[in-house]
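What follows is one structure encoded as structure tokens, with my remarks underneath.
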Amino acid sequence: MPKHIVRLLIVIAAILTIAFSAKQLLIPDSFYQYGHYRGNAITEVASKLPKLQGSASCKECHKKEYEVWTAGIHRKATRNNEVQGVVYKYGPGCEVCHTGPAGNHPSKEAMALSVEDKVTSITHLKVKVHPANVPGRKLMLTPQEMRNVCLNCHEKLPGRPLEQKQIEITSHSGEEVCTNCHNPHSPRIVYASLPIGKRGDAKAGKAIADTCAGCHGEVGKSVSPEWPNLAGQHFDFLVDSLKSFKSGKRPNDTMAPMVEGLNEIDIRNVAAYFSKFSCGVSGGDKVMAALGKGKAENCKACHSAGGLYGSGSAGVSGNPSWPNLAGQNAEYLANTLKAYQDGSRIHPVMTSIAKTLSNDDIEHLAAYYANMKCK
Amino acid sequence: MTKQDKAIKSQEVPMSRRGFLGFLGKGAACTSALACTGAAVGSSLLSEPKRGFQQNEEQLAESINNPPKLEDYNWNDHSWAMGVDTDRCIGCLRCMEACKMENSVQMDAFHHRTWVERYTYLEGSNTAIVDSQADPKNIENAGSETRFRFDNRYKDVKVDKAFFVPKLCNQCEHPSCVQVCPTGATFKAKDGPVLIDTTYCIGCQYCVQACPYGARSFNEVRGVAEKCNWCYHRITKGLNPACVEVCPTGTRIFGDRNDPESPVSLFIKNNHVQVLKPEMGNAPNVFYKGTDKEVV
Amino acid sequence: MESVFHHVTPHIGFIYPNESELPWTQLIVIYPYITGLVAGAFVVSSLHHVFNIKSFAPVSRFALLTALCFMFFAPSPLLFHLGQPTRAFNAVITPHWTSAMAAFGYVAGFYLCLLILETWFAFRADIVAMSKDRPGFMGKIYGWLTLGSDDVTPKALAIDHKIARILSMIGIPAACGLHGYVGFVFGSLKTREWWSSDLMPVIFLLSAVGSGVGLLIVLYVIASKFRKTPIIDETMRGLLYVLFTAITVVMVIEGLELLEIFYKAREGVETVRELIMGPIWAGMSIQWAMSFFVLAVTSTLLLYNVHGEKLVKWLFAAGLAMMVGVLAMRWNVVIGGQELSKTMKGLLTYYPEVWGRESLSVVALISIMPYLTLWLATKLLPPWKDGEEYGFGALGSHKHT
């Protein structure tokens, strides 16, 4: 074989030997151990320290808030107050609203980071930003910021399941911050458990009530018997009624435009204003009232303070969501029952009851309650 | 008895005792044969360990007998899976935020390990308008790329139907990303998640191209590919992935399919579940309930 | 709005959030283009070395040098593109064979070695001569290249010729592999509707050959004009035949691929239609306009049996058009495929950067380097024999240049 071929073959052999031995030597440790990858990579990935610590880690220092949160709605994953299916993560934890994994708190130092962050590499970034230092990430939020956080989940958006409590912010509370009414750790409000002063601001309600006085009177005694007295009426019932007018659930051409401009806070305030007045007795035909007494036995279950079990005052409803009837205008009561009868006003219970009443029954009942004292 | 009945009856052959025993014997033989086959198939499915994706016999034996040394964790005991109940999702994006914080993901609108899509059918329309939180209008509404919030662009129009769909890496059984990685930097671990070895990745981005779900992205800072790994550093310590941990409505369900009482096993058992893009053949491990014909 | 990263691709419709930045940009467009030029030039060279078609003799060694010089620069776009280029050899050390990309290190390496070897065998006689003639340092270099042997007897040269021929024969399937695998990288990806096709490797390979021939035509004409040597009519005719064959087959197969997409009309075909009408309209127009131009010119030249100056002028134009058309095709495939979102409900429009790591300026640099290198190479290893019977030094006596 010619000299040059021999020499070429030697050169090629040398290069190949070097290349293949280099390849073998350079294979990283633990490669091919479990598959076509570095076996050690598994432990490296898994050894990173978790940043989210879970709400229980906040308990030690923030006992009170933690207790409130545990007992409240934000801790339960419920739909219609029932735990649905297999759900085991409930409500937003501390780290959700307080925008940051507890791993970065209380020390400002970032926690020991993972193997990924130890990798040195070619960076072609314009600005290098570490996640913990991103502007706007504060652990304790200002009330204004908190409003945005609440709205993140509670703004009314098409696409959100209806079980999620959602509001349209301006009609709900205008410019108010959420925490004025809601405890962020346990935000559900049960009005009945609040003292009247807390439920609404009667002073602010007075300003609104000036508009209402035209029909319902300055102190809730309406100027005409066809419109209801509001003085001393249950707070909850007044709120429910106004809300129903607003949503259209209770169609009423007069009231609907009246409440259009009111938001949730206004409604509560005006309801608080009227409910604090003492109710009066509007009076009615005593003869008819006596006839109505017998029929009213059927109404006692709901519209009597003692309900089914006691003999509380007739016409003063036990449940604050049901209206007091005592002292109400007879004409208004009669019109209401007739409205239930003909379907222009719908109520799951009252509609069927009203259908069992004759015209005479209606007149008698109206007179009876109109004569009742509400105390 | 009619003539027909008589004819039929005459064809009946009474069984002799021998015949009967023979019948019994054959039956027994058949049944036992079936039972054996069934047992063989069944046991091969249950007791014999399955080979991992692109794993040979030796490597399988190694992964069983000599698993990676993690404290209180043996990857042979677990088979992780995830469920998503889209009927519950409210699109609050807390999962995204938690993921970004937990995994130090780039804080901009274009690198996500998990994200949420919104599908909106306007009145009278048969197709959905889709947007995600990376849509410029949503970013504007949120104020910056580091805040996450959907805007309320449909509040003045009539919406027939709308819903949110969270997305993340499906940790497929036959991952196309693992198939195309030229170096072996991404791989399927025995307990389920598809992981990335960031010290070995060369950043060619072939895996980013190959993923049918768009779950992978390229991290320019580190020069490597990245994706959701079900917070492997958390699940190996008995915790939940960050997104599951923070979801306020219980949309994301996580658990071990080896445990029939785990949340994800019950979720799969009690619901009709789907996967995304089944025609790709990747066999994803994230099971969706309540998706729609338009979900991509 | 503060943005940590500035490279955001505008889009319409819905795209997955992670798709906002295109993973493979113009660097990945020119990578198959350069390897294509290599494959094409090599095919022309082997038409003489393997199939003994005499008309290609004048350009065969030049084609070989072209292939070699372009091959040196084939890996450079990839190195610029990688996120971790220092780890580039991971794909060679632990190649994951289910990935077509893992083949790159080995196929390209093998092909480069093959080209180097073949060049050495083809030029050995000249190298030996120059080691004796050239003074000083250059003479020493040539000396090393001879591996210390100055055996240029006819017997040795015959062996050289035989080995070169074998290498050439191996080189043809190797070229198919080198370029076919790139097509497979795209064609095997079920995720991208625009790429996923069984025809993709074939398209890539055939258009590569076409672009290589075009390159060779252009370079041959320019080199001859520059050296003031006559352009051999027979060679031009030979190149015309190859170009004609290449363009017809390429157009048929590319047309077939498009037809299949629209005929099958799978989910998302409307978005594909919008892709062609929208973001890649310019690219597609260029690609097909150039293709039709080349087809028209080559068929006319063949039909009317054109020779001489006219042939040179028109074939040059056709060669140039072929190069542009194939580059447009690469752009349409690589960039176009990514502009079609995986959701099939969105389209992106890519605007290439001018400066930066993955930018037009880098592309320009990488594109120019092979030509400069080729010019240097022709100075170091002159492939032409003036006033002599053309071909291997092995087959005839040679004169020093």
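By letter and in written order, the chains are A, B and C; residue numbering begins at 1 in each of them.
By definition in this document, a residue touches a chain if its C-beta (ideal position, glycine included) is under 8 Å from a C-beta of that chain, and two chains touch if they have at least 3 such contacts.
This structure is a prediction, so every number in the text was calculated from the model and none was measured.
J.: If you average the C-alpha positions per chain, which one ends up nearest the average over all of them?
T.: The chain sitting closest to the overall C-alpha centre is B.
J.: What pair of chains is linked by the most C-beta contacts?
T.: A-B
J.: What chain is the most remote from chain B, judged by the mean position of CA atoms in each chain?
T.: Ranked by distance of C-alpha centres from chain B, the top chain is C.
J.: Counting in whole Å, what is the centre-to-centre distance of chain A and chain B, each centre being its mean C-alpha position?
T.: 32
J.: What whole-number Å value describes the gap between the mean CA coordinates of chain B and chain C?
T.: Distance between chain centres, rounded to whole Å: 43 Å.
J.: Using mean CA coordinates as chain centres, what's the gap between chain A and chain C in Å?
T.: Comparing mean C-alpha positions, chain C is 65 Å from chain A.
J.: Could you check chain B for residues that touch two or more other chains and list them?
T.: 54, 107, 144, 184-185, 200, 220, 222-224
J.: Give the residues of chain C that touch two or more other chains, as numbers and ranges in rising order.
T.: In chain C, residues 4-5, 83-85, 94, 96 touch at least two other chains, as defined above.
J.: What are the residue numbers in chain A that touch two or more other chains?
T.: Those would be 28, 31-32, 36, 121-122, 124-125, 129.
J.: For chain A, which residues count as touching chain B in their complex?
T.: By the definition above, chain A touches chain B via 28, 31-52, 54, 74, 77, 79, 84-93, 95-96, 99-101, 113-117, 119, 121-125, 128-132, 134-137, 152-153, 155-161, 164, 168.
J.: Can you list the residues on chain B that touch chain A in the complex?
T.: Residues 52-55, 59, 62-63, 68-70, 73, 75, 85, 87-94, 97-98, 100-102, 104-105, 107, 118-120, 144, 146-147, 149-150, 152, 154-155, 159, 162-164, 184-190, 195-200, 220-224, 226, 229, 231-234, 236-237, 239-240, 242, 244-250, 252-253, 263, 266-267, 270-271 of chain B touch chain A in their complex.
J.: Can you check the complex and tell me which residues of chain A touch chain C?
T.: Contacts found on chain A: 2-5, 7-8, 11, 23, 26-28, 31-32, 36, 121-122, 124-127, 129.
J.: Would you mind writing out the residues of chain B in touch with chain C in their complex?
T.: Per the touch definition, chain B meets chain C at residues 54, 106-112, 115, 117, 129-134, 139-140, 144-145, 167, 176, 179-185, 200-206, 208-220, 222-225, 280-281, 296.
J.: Please give the residue numbers of chain C that touch chain A in the complex, ascending.
T.: For this pair, the touching residues of chain C are 4-6, 83-85, 89, 92-94, 96, 117, 120, 124, 146-149, 151, 155-156, 159, 163, 356-357.
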